[in-house]
Amino acid sequence: MTHLKKGLWGVLATPFSGPSFDVDTESLRREVALYTGIPSTGMVVLGVFGEGSTLDTAEQRLIVSTVAEAAGDTPLVVGLSARSTHVAIEQARTAVEAAGSNLDALMVQVNTPQPDALTAHFTAIHEATGADIVLQDYPVASGVKISTAQILAVVERCPFIAAVKSEAPPTAAAIAALTRATDVPVFGGLGGVGLIDELAAGASGAMTGFSHPEALQTAIEANDDGGFRAARDAFAPWLPLANFEGQPGIGLALRKEILKRRGIIADASVRPPSPTLPAELADMIDAHLDAVKELA
Amino acid sequence: MTHLKKGLWGVLATPFSGPSFDVDTESLRREVALYTGIPSTGMVVLGVFGEGSTLDTAEQRLIVSTVAEAAGDTPLVVGLSARSTHVAIEQARTAVEAAGSNLDALMVQVNTPQPDALTAHFTAIHEATGADIVLQDYPVASGVKISTAQILAVVERCPFIAAVKSEAPPTAAAIAALTRATDVPVFGGLGGVGLIDELAAGASGAMTGFSHPEALQTAIEANDDGGFRAARDAFAPWLPLANFEGQPGIGLALRKEILKRRGIIADASVRPPSPTLPAELADMIDAHLDAVKELA
Amino acid sequence: MTHLKKGLWGVLATPFSGPSFDVDTESLRREVALYTGIPSTGMVVLGVFGEGSTLDTAEQRLIVSTVAEAAGDTPLVVGLSARSTHVAIEQARTAVEAAGSNLDALMVQVNTPQPDALTAHFTAIHEATGADIVLQDYPVASGVKISTAQILAVVERCPFIAAVKSEAPPTAAAIAALTRATDVPVFGGLGGVGLIDELAAGASGAMTGFSHPEALQTAIEANDDGGFRAARDAFAPWLPLANFEGQPGIGLALRKEILKRRGIIADASVRPPSPTLPAELADMIDAHLDAVKELA
Amino acid sequence: MTHLKKGLWGVLATPFSGPSFDVDTESLRREVALYTGIPSTGMVVLGVFGEGSTLDTAEQRLIVSTVAEAAGDTPLVVGLSARSTHVAIEQARTAVEAAGSNLDALMVQVNTPQPDALTAHFTAIHEATGADIVLQDYPVASGVKISTAQILAVVERCPFIAAVKSEAPPTAAAIAALTRATDVPVFGGLGGVGLIDELAAGASGAMTGFSHPEALQTAIEANDDGGFRAARDAFAPWLPLANFEGQPGIGLALRKEILKRRGIIADASVRPPSPTLPAELADMIDAHLDAVKELA
């Protein structure tokens, strides 16, 4: 039983450049340095925020190996975008090979609410690779609704589940119910908009992307030290930006643009057909950045 | 041309009591007093947060007349839950009669993205009652997606449109595009989770429910006086609570429970099949209330 | 225990006329005569195909009383479009009073999959009016998914349930599972596109609209007399028209246009925002009508 | 300009066997023989009905090369399950290499309604491989709604589009509008449930799966020779089976079971999480097969 460590697991954006949206490994390494500098507990590569479903096999390999090389001994979780077993195993093999000794687990989305079928899916991936599994419940990406009881049934039957990523709002209620019933660590996501409540509900940390991940770390540490009130005081000043970035559809473009203005990635482009940044919001980004500069 | 005044338009919850979920007019009057005490610019009755679609004709009449009596000279907007013209006109007549001279406008949901058909729908309601119309774009409730260009086409052809309520995220982008193209006031909603950005995008205020509407008012006034930074500083401490209340599904039950703990309504029940409050969140509510007591 | 009788329960279209889409009672009476002439076992008024959700209270009353007067002793089921208890009871009272002694039951849509809450909803309507209830499972209209086990739990606890209308495809599987577990009659709908299989699965008949309801009756009688093969042979020649009419969105406009060309209703208009008839299909309607003339 | 030839393009099921759902190439060859024996105009490999999205790269290669070897000079269309450009190109390269000289086109799903972005997506795949493209409009699989005007804008700008597969009901209206505006051939799909109307609307044939594809061929030939009435008479006796197979969710399991009972594939299993065959329908399958034996 190898549960993920508590704390911040940062979901890396995949930086692209040029008209063909090629992977920009130099920007990617700067992003890794942002996280190892915090330092975060771990990093997540090829997640939904990493545009994992847009990456071909060679790109998946390039990204994971680039991150692994730059990560030092920071552990990695690698996301699988596939929804069916055989394709997930193909992606898993690429991930396991490229991540090497940095790999802590593979993150796999719920593809059915039926505990039997979901257990078989996770087991097949685990047996093909030996890797532990992070169960991701994110209906916006998967299109699947699963109940807390169904998640617990799967967790009980899959001892190789290293964590649950709970991203089906209302997350505070789901995380509270999960953490009362299992010792498997549960992480919140969704860009941190519910982080304060998720930590109060027993979450082991945040596993998400944010343009300013150091703020997520600060909130988690505050919660460890002072509980709800401390986490609330620490993260409230960041919520205007988290909510701004958390807007559906354009959130990814917004976050990459802010990472660009911070000097971390060179180009903020997202792969089509993801929505691009509305021109009307350009000034608002600067206003947000000015405001949080004083916080950092 | 009678546009709604800028500021806070508070969407009233409808308090119920007992096993039959009867309308509790005494609690309703206390809720009105909360808003007139701020004072808010206006109030919205029978909105989505007011559980308007669960109310029969007699209840609609009772609620609107109770609020009108208690409102003094505070203007009212009355929401129509119907999606088709004839039923909307029936509800509109009840609303107009019950609201009397307090009525500023009827709020009508977008029921089609086609500008011709939507113009005909609004026009029929306006002509049957003489009332001005607030166009509500809230796809979670209506199931309809409409573009900014389509909204503007309708606004141009309906001089009786008194305001637009923009609740299709990403709202900051939509409101920025709308306010650059029309003088009709645009209001944000969604419990205030995007209020800071909506005001920066040119919103005339907030038209929404929140357990602590005085905080919305504070943010709007701060924005008037000091712009983005002032609004941000004023509302950031309230965002933990706004995000907590804004959780999908259970948000209404949460908000009523907090109004009850504030002593404003006697019973927090919501009419089925709306989700009830998860027991796991009970303690978290107290923690949030303790934290904001120091802000108020 | 008063179960609905087996056979054809025809869902009546609501004919409109003029620019305001007024109810056309003369056409409605001709439509009733079509059904009593077959004769059908019963008729359903104010269903989804009857555009029930677009009708105000006075129109609901006018339509039901017009049909009741013209129906002789043919029993009626009256549909309620409301999804919440108080509004459903208001509609139910109008229906019960207007239908008089012709009323066999009220048809109520599933508004939640939770057996407890759904039982409470049906019970409240039953107790307020004394009427029996037809449980309608039609997720396209209700937005609610309910399992066969959940339907059976409700049926067991509500002895006043007179029938189940099963319209959640795959209907053949659902109806087979329901009819093996309960004696409450189960009816197919959906314009008859699955009628052959639904009857083979144990359905007590069809409760649906179709431009040529006599064909539904023929299929049901053939099934009674000769089983699957007879029903198949009888209805196969009608399936090209049933599939044509069953096209999503435009199906209602198509069916009304065919009823008009048959001389039954004077005007084929549907209330907005229902989709209107695509001009490209005008010729195809004639081709279909020519073909089935030889069958009738 | 190399448009697909008119007629029947059969979408091949992918037969699996054993607990790991391995590809069964022997069954696959028998399925190819079924189509070359008709003979069909062409075949479609790795479509939605071929469970394309569940197949890893090696399986894609194996299936396409097996079919190409067995197909003689029958042309092939190979479906791409990917929704983003880089992954689609990766799949396209596998397909082009494995199909060899049999390849007529790649079938690509609409991944955005925006004509500019969709044109760029198709162009990138075309330029990377030299292959022509079949535009597939199938919102059930893609989640994307595109208008006829948007499809036509893309078709005009992409001279390499070899056909449109129109599977967004109401298909008769869409196909009528498309075929009046473009010479690019348009094919119906959806298991043939709307075939009669689609041919009347100007479709160049059917591109779909059906347990008895010879019936689709008969209908297309009848339409060529005698128009609507002949097509109607030829296909009406098959519609009971087509509608039975066309049931959402379980349709794929049903069709494979019938192919198994016909002796074409050895095992009817579908890869999870696709729904399996409800036990209640087992007898109904035999009744359908008995009935159509006399037609064949």
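First chain written, first letter: the chains are A, B, C and D, and each begins at residue 1.
Keep this in mind: contacts are C-beta pairs under 8 Å (C-beta built on N, C-alpha and C of every residue); 3 or more make two chains touch, one makes a residue touch a chain.
To keep track of the chains, here are their UniProt names: A, B, C, D = 4-hydroxy-tetrahydrodipicolinate synthase.
None of these values were measured; they are calculated from a predicted model.
> Listed by label, which chains are in contact with subunit C and with subunit D?
Intersection of subunit C and subunit D contact lists gives nothing.
> Rounded to the nearest 5 degrees, what is the angle of the rotation relating the C-alpha atoms of subunit A to those of subunit B?
Resulting rotation angle: about 180 degrees.
> Using the average of all C-alpha atoms in each chain as its centre, how far is it in Å between subunit A and subunit B?
Going by mean C-alpha positions, subunit A sits 34 Å from subunit B.
> Distance from the CA centroid of subunit B to that of subunit D, rounded to the nearest Å?
48
> Indicate the whole-number Å distance between the mean C-alpha point of subunit B and the mean C-alpha point of subunit C.
37
> Could you tell me which residues belong to subunit C and also touch two or more other chains?
Counting only residues that touch two or more other chains, subunit C contributes none.
> List the residues on subunit B that touch subunit A in their complex, please.
Contacts found on subunit B: 169-173, 176-177, 180, 193-194, 196-197, 200-201, 228-229, 232, 235-237, 239-240, 243-244, 247-251, 278, 280-281, 284, 287, 290-291.
> Provide the residue numbers of subunit D that touch subunit A in the complex, in ascending order.
21, 53-57, 59, 83-87, 89-90, 111-112, 114, 117, 120-121, 271-273
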